[in-house]
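See the structures that follow.
What follows is a pair of complexes built around chain A, which joins chain B in one and chain C in the other.
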Partner chain A sequence: MGNRCEFYKNLNENVEFLNRVFSAPLNTDFKVRYVYLTSIKCDVAIFYLSGMVNFESLETTIIRPLIDKKAVSGKDSLSEVVQKEVLVNKDVRKIDCLDDVKIEILRGNTVIILDKETSGLSITTTGFEHRGVEKPQSENVLKGPMESFVESGFINRSLIRKQIHNEHLITESLTVGVKKSAVVSMMYINGIVSQELVEKVKERINEINVDCLQGVSILEQHIEERPYSLLPSILYTERPDRAAAFLQEGHIVLIMDNSPACLVVPVTVWSFFHTAEDYYQRWAFGNFIRCVRLLAIFVALLVPSLYIAITNFHVEMIPADLVLSIAATRERVPFPSIVEVIIMEMAFELLREAGIRIPSAIGPTIGIVGALILGQAAVEANIISPILVIVVAITGLASFAIPDISFSFFVRLLRFIFLFFGATMGLFGIAACLTVLIAYCSTAKSFEVPFFAPISPHYRSSKDTIIRPPLWKMWLRPFYVSRENIKRKTRPEGNSSQ
Partner chain B sequence: MKKSLLVIHIIVLVFMAGCWDRNELDELAYVIAIGIDAIEEDGFVVTYQIANPEEAGEDDVASEIISIHAPDFLSARDLVVAFVTREVVFTHTKVLIVSEAFARRDEFLNFMKPAIRERQLSRKINLIVSKERASDFIRNNKPTLETRPHKFFELMTDRWENTGLVPDSTLHSLFHRMEEDSGVFLATYSSTVQVEGGREGKEDDHIPGEVNIQGGNPTQTIGSAVIKEGKMIASLTGEETRFSLLLRPEKGIEKMIATYPDPLEEKYRITARLLAEEGSQVHVNTKNRAPTIHVKVPVKLEILSIESNIDYVEDLEKQHLLKNHIKTLIEDKLNTFIKRTQEEFRAEPFRWSLRARRTFLTNKQFEEYRWMDNYSFAEIHIEVDIELKEFGKQLAPTDMKQVKGD
Partner chain C sequence: MIKPTDGKIGSREFFGLVLILILIKTTGSTPMYLFKLGQNATWMMPFFFLLVIIFPFFLLYKVLNGNKDKHLIEIIYSLLGKWAGFLLISFIFLYSFSSLVLASRSTVDIVGTLFYPITPKIMIYLFLMLASFFVAKRGLEAIGRTTWLFYPALNLFLLFALVLAFPILHVDFLFPILGPGLPSLITSSIKHSATYGELFLLAFLYPFIRSNKDFRNSSFLGILFVTVQFSVILAVFVMAFDYPSIKNIAYPFQQLTRIIEVNAVLANYDSIFLAVWVVASVIRFAILLYITTLIFAYMIRLEEFEPLLLPFSGLIVMLGIIPENPIVVMNFFNTVVIESGWMIINSFPVLLWATWKWKERGAY
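And then the complex of A and B:
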């Protein structure tokens, strides 16, 4: 095979070379179509990979003009003439290196090479099959846009551009890996974004050294700072409106083909805890659901361990009525309560995993089986006590209320660590563990942005953290992301408290 | 390798540091009430009422009551192992019941002292002095509305404090008073044995056992036991208890219902609800050896019933008369009671010492003043400030002639 940059003078030699590169007769998807260009009396070879190009645009914008064109008037080189006078495609590029032909073809473009020319033309005809724009799967809202990203980078970018009409919105294409076959589109708004951040993200992406990169979820693991940490440092969202909102605050959005989502860097803990709905709902309602979610995080994190700690070490904290009723229901349960909790938690995690993996045709059965096993049967068989069903159910429910998948996993896994300390050292253990957790999180950074900013370290900000002010008071962009252009608009007059 | 060793060490450390005082809920026996009796020789009988966690069904008993000889009421815990297979804990103990006979003995306070040190015992536990033996009290007490004994004691202490018939007598305040050494402590006074025939009297002029009731739980809790310097010296009726709470500078009672003779027709009575929305205003002058105390008691009255059908509502003159009448009645009663505290107890249950203490620069000066001794010579002026608040839903009394159809 070998690499060769220069084109051969003879068309056939070029064809042979490309055939060799793509193992042509063997690889039936690699197509070569010859056309005779009557206007300039020249043979033309058209190369494409079937399945990657849109046949209609190939026929109407390349083949038909090549055949139909009767006369040309240009005096430039043949390639230039063809590019300027014959092809009616929106996007044509001249290629001077034979190796680039390979990359262009692999990206779904069509390449034409004219006889006796030492350059080719690459024409954008990419046409993959993909879903239409559908509703988001995991980030649902009741009020607000219902579009979500699909597995096409082109459509995803268009969904974002639909939200932001700004001449400074930049899309940079970065190629990744040794073969340069994967393209990551980096979007940001010039003038808002910090240039250091852009350089840093670019550097991270350039450092990736793999054969192929299948999507943003893989990309996320390549560019994150602490691969072994439970704490996520990159936001994965499937909502174009959220991505657009982040762009306008000076964040960077990364988009790839084949991923129905985008990545947002850098992020803070608040991004994992906020949802788009918080802003679409009116001030009081949005804050109410935020408070519910904040509660959910703590419930999901602490309830099982608190239950164990209190019942095993600090009985005096429970009202007498409750102590007696728990003791009565536990009377016939053979296991210590920590074993009970572990059994139930395992059952719940099983149910959760099974619910995702189960073929959707038999999906409804999981609810029935789960509810029966977890709820009634286990209690009736005296394997666990009824109060424990409540503890585990409320924990499960709360973990579903955490909006971000990565953050939800973070909380779910930490729960077991808390359980361990709660069961060995009681409330003291939980308090110690919580202290360590908060200390750890406060030192974590996502692309140099502290995880708890702007609360710790404290910055002047729009105060959009645990609760948010009314929208018209949020006139500052987050400093910690970018120090450029920090004001969204002028300070609101009148009854502003800022 | 080094890292994993570190992790193993930390885990082992956690296990070694913790776990050992872990107990499952169902492996414990919860003592709800502790009773203490003195017996003639050198010893005590400690009674534990232990809650039965199983729902009280047909055959189940809600609690188990165990009495045992022991040197003190905490060490009895290990002795009961002979009867109880579970570890006995005091985490949910609600009341400590002491027999009157024991409370009147000198060693009473010393015997109570372990209660401060014991971690499991909450300071919120109520102290009850029972007229009979504490073990009998616990055995006789059979709440009918509550299935579980702790519920009875919980509601009891909450409810009775509202009406002012019994004082707030937590262990915490007992030790507080005893340390202060400047007044008497009022403990809840109770009995399960009804005195034969009862005693005629107005609604609150009773000590336990004297209230004439039929049916229900035999437990009667009204009035208080006066504990001076760690020893019970006397008892107060329900009415006297109310007075002592009313005269305290901090707000004690919320509301209580009392009856007063009608000023115009002696044979009828007027029922009123007394609202003490703020505490009494107490001014103490300690310049002289004998202190002068001015007390202003703001009271709001809600008239609930007027038996005599006299129109006190619309006739303002009569209303004024009624007001003054009740004012003098209450003031008279208060003065008699204060006299009793000065002469009989030689100490006050009103917590006026808190106000007296303010008049000194240092606590030492206050201690040197010896408030308790000087109190008996104090000159006390009581003024009751009555405000008639409302007369219920009906204004003018019903015209009885119309009702009877004459």
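And then the complex of A and C:
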């Protein structure tokens, strides 16, 4: 197809070139329309890809003014005259390189080229179809805003701007990859964010070397550190209010088209375990649900392995009556308990995966299959013991209480590792494995921020970690993010009861 | 500004290390040997240990503070010269290495005899050292942060054990208050002051601690905390088991966790304490492994010591598995290492300080 930067002098040659680039007769979506401008007596070609532009806007704000304008007074070059006097009610940008025309068209803009002019004009007419703003799918709250991001970068940014009215909130557009067709919007609040962090994120994004980048979930995998590790290092959230809260603490938010979510960097373990609701609920209630979730993480991670370890190695821990009843129910089960656990865990994972993939019309079936077949029938068939159903059910329940999907996967997968150590070495194995895990996580970093900051390593902070102080006491921004503007406000005097 | 991680640890991490490294000795066989000497006044011995070691440690701190840009081994070499320095460092290394080998073997013995009687010891040993190796391999930062993350939980469980032991304590078991008599108490305290020897080993981490102030505060405050807690734990032991019988209990801590109970149904929670104790042990051996390897590597003037961690872990398992039974290990540790270690750890700071001052005066 050839690359060419300079425009041809002749309009027809330009059209031919672009036709070639877009394989025009074959590609029916590529449209070229000609308009004769009576005002300046000149031929104009309009290029766009149908399906990417808003036709109504094209008609009313480009074609209609071009035709209707009767006379112009400017003495600049024709393109500039058109830009300043004809297309006044649209965002118009001059293009000097023919290759950029291609990129502009691919982004859904309309390009017009005038005869005998060596520059074009790009007009923003992007009009993709997208959903309306709906409720969040996975990060629900009972109290607080119910909006979630949609598959349009423009709307997502506006949802964030709706929350933060700050002149320092900056949106930088970064193009990605070889073809430069994907745009990542990087949002941050100048003065709060650390400049080194901004540079680092930009650098990571510039290093991406792909043809096309489909959305933030793909972007996440390109910019994360430790791609093989189970430990996530970037937060994926679908809530604009959470993104706004992170921005105000000095984090960076990345937004792309086609993704009903945004990425937040850098993050610590606390971000994976907090939810928006912790802050919307009153102090005691917010902390209560946090504690429940902390418990959920440990339950989801450890309960199957603890069950195995205790029943196999440390039977004396269970009260005698319970031991007898467990032993009685296991009497007719032929498998060792580790096999039972693995069978049940696999079954539960299957159920979970099937529950996501199943067409919603037959969705309720999964409940029946899960509850009846796995719960009751398997016990009655003496394949598993009833106590195990409780163990697996409570583990499953707990894993649903982990708010972040990446972190939930992290816990779900680690559970099997703990199961292995619990089955081989009992509580000794679990404790040793847990220590190694914590040591590993403590040195993991997300964009240079230690995973357990600000507890270990300890920094002065708002102490918003496992439990949070009352909102009016959280007057410090996280130290690990920014050294500029550390304080949100001055230290509160007295207490809030006044 | 993002603070780039500098590989150093802060005051809290170091404080946690001081506490874990020394307090964990109360959970091994050390109390049994101390009780043989101190009888029912053993709970006073930590205070005497403190009095004995505080002066040499202060001198060591002065030396470190005076030569901030060097680590301790460099200081020793530059002050004492090539041969005497090497001799001294190899003594310290021997002390550190032998206590690492013996203490790890002792831990394995406790786990093996009390909790996993049919598991081969070598498996437990391998497992323990593998976990410690992984933690040590992640670097000092990982050890420090892990320590600080677990520190509240470890303390909570310790408190829990002591509180649950309350119903079985008899305060009158503490009397006669001076046990074998003050003079004998003091002499045996001096001879066993190497119980606090890990504090001197931690001084080898001086360049890796964020600031001089962090080191000073954490080590002095840490050793004070250690002394009080050590003393309380020993007092609880003697109040729970009484004097003549306690000197025949090899592992009083495990024994204590075995007999405490909430009520008749919620009993036998020693395995939970096992788990918590294993966490502390892994951290303990990770940091000991780290320091021992560091001393060895710097002794023979290697720049990088991290590749040596794995061979050292293997060596420790191989050496540690040799003794036939726990009694040999305990005896060797408590009579040979501790009773000769006190001379090294108490004398070398004085020696260093004196040479340093002497050389300094010579320089002017």
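Here is the rule we use: the second predicted complex is superposed on the first by the 492 of 498 C-alpha atoms of A that agree within 3 Å, B and C clash if a C-alpha of one lies under 4 Å from a C-alpha of the other, contacts with A are read in each partner's own complex, and residues count from 1 in each chain.
Here, contacts are C-beta pairs under 8 Å (C-beta built on N, C-alpha and C of every residue); 3 or more make two chains touch, one makes a residue touch a chain.
Nothing here was measured: the structure is a model prediction, and the numbers come from that model.
Undergrad: Identify the partner contact of A:G426: answer first if only chain B is touched, second if only chain C is, both if each is, neither if none is.
TA: In the superposition, A:G426 contacts both chain B and chain C.
Undergrad: Which partner does A:R107 reach: the first (chain B), the second (chain C), both, or neither?
TA: In the superposed model, A:R107 contacts neither chain B nor chain C.
Undergrad: Of the partners chain B and chain C, which touch A:R242 in the superposed model: first, second, both, neither?
TA: neither
Undergrad: Is A:S325 touching the first partner chain B, the second partner chain C, both, or neither of them?
TA: first
Undergrad: When the two structures are overlaid on chain A, which partner does A:L434 contact: first (chain B), second (chain C), both, or neither?
TA: A:L434 contacts chain C only, not chain B.
Undergrad: Between chain B (first) and chain C (second), which does A:S337 come into contact with in this model arrangement: first, second, both, or neither?
TA: It touches chain B, and chain C stays clear.
Undergrad: Under the stated touch criterion, which partner chain does A:N312 make contact with: chain B (first), chain C (second), both, or neither?
TA: In the superposition, A:N312 contacts chain B only.
Undergrad: Given the touch rule stated above, what does A:P450 touch, chain B (first), chain C (second), both, or neither?
TA: second
Undergrad: On chain A, which partner touches more residues: chain B or chain C?
TA: It is C that touches the greater number of chain A residues.
Undergrad: Counting contacts the way the document defines them, which residues of chain A are shared by the two interfaces, the one with chain B and the one with chain C?
TA: The answer is residues 313, 316, 425-426, 429 of chain A.
Undergrad: Name, in rising order, each residue of chain B that touches chain A in their complex.
TA: Contacts found on chain B: 14-15, 17-19, 21-26, 28, 30, 32, 51, 53-55, 89, 91-92, 94, 120, 122, 148, 150-151, 154.
Undergrad: If we count contacts the way the header does, which residues on chain A are in touch with chain B in the complex?
TA: 311-313, 315-316, 320-321, 323-328, 330-331, 333, 336-337, 420-421, 423-426, 429
Undergrad: Which residues of chain A touch chain C in their complex?
TA: Where chain A meets chain C, its residues are 194, 196-197, 266, 310, 313-314, 316-317, 319, 425-436, 438-440, 442-443, 445, 447-450, 452, 455-458, 479-484.
Undergrad: Please output the residues of chain C touching chain A within their complex, sorted ascending.
TA: Those in contact with chain A are residues 1-5, 9-10, 12-13, 111, 115-116, 119, 123-124, 127-128, 131, 134-135, 138-139, 141-146, 148-150, 265-266, 268-269, 271-272, 274-276, 278-279, 282-283, 286.
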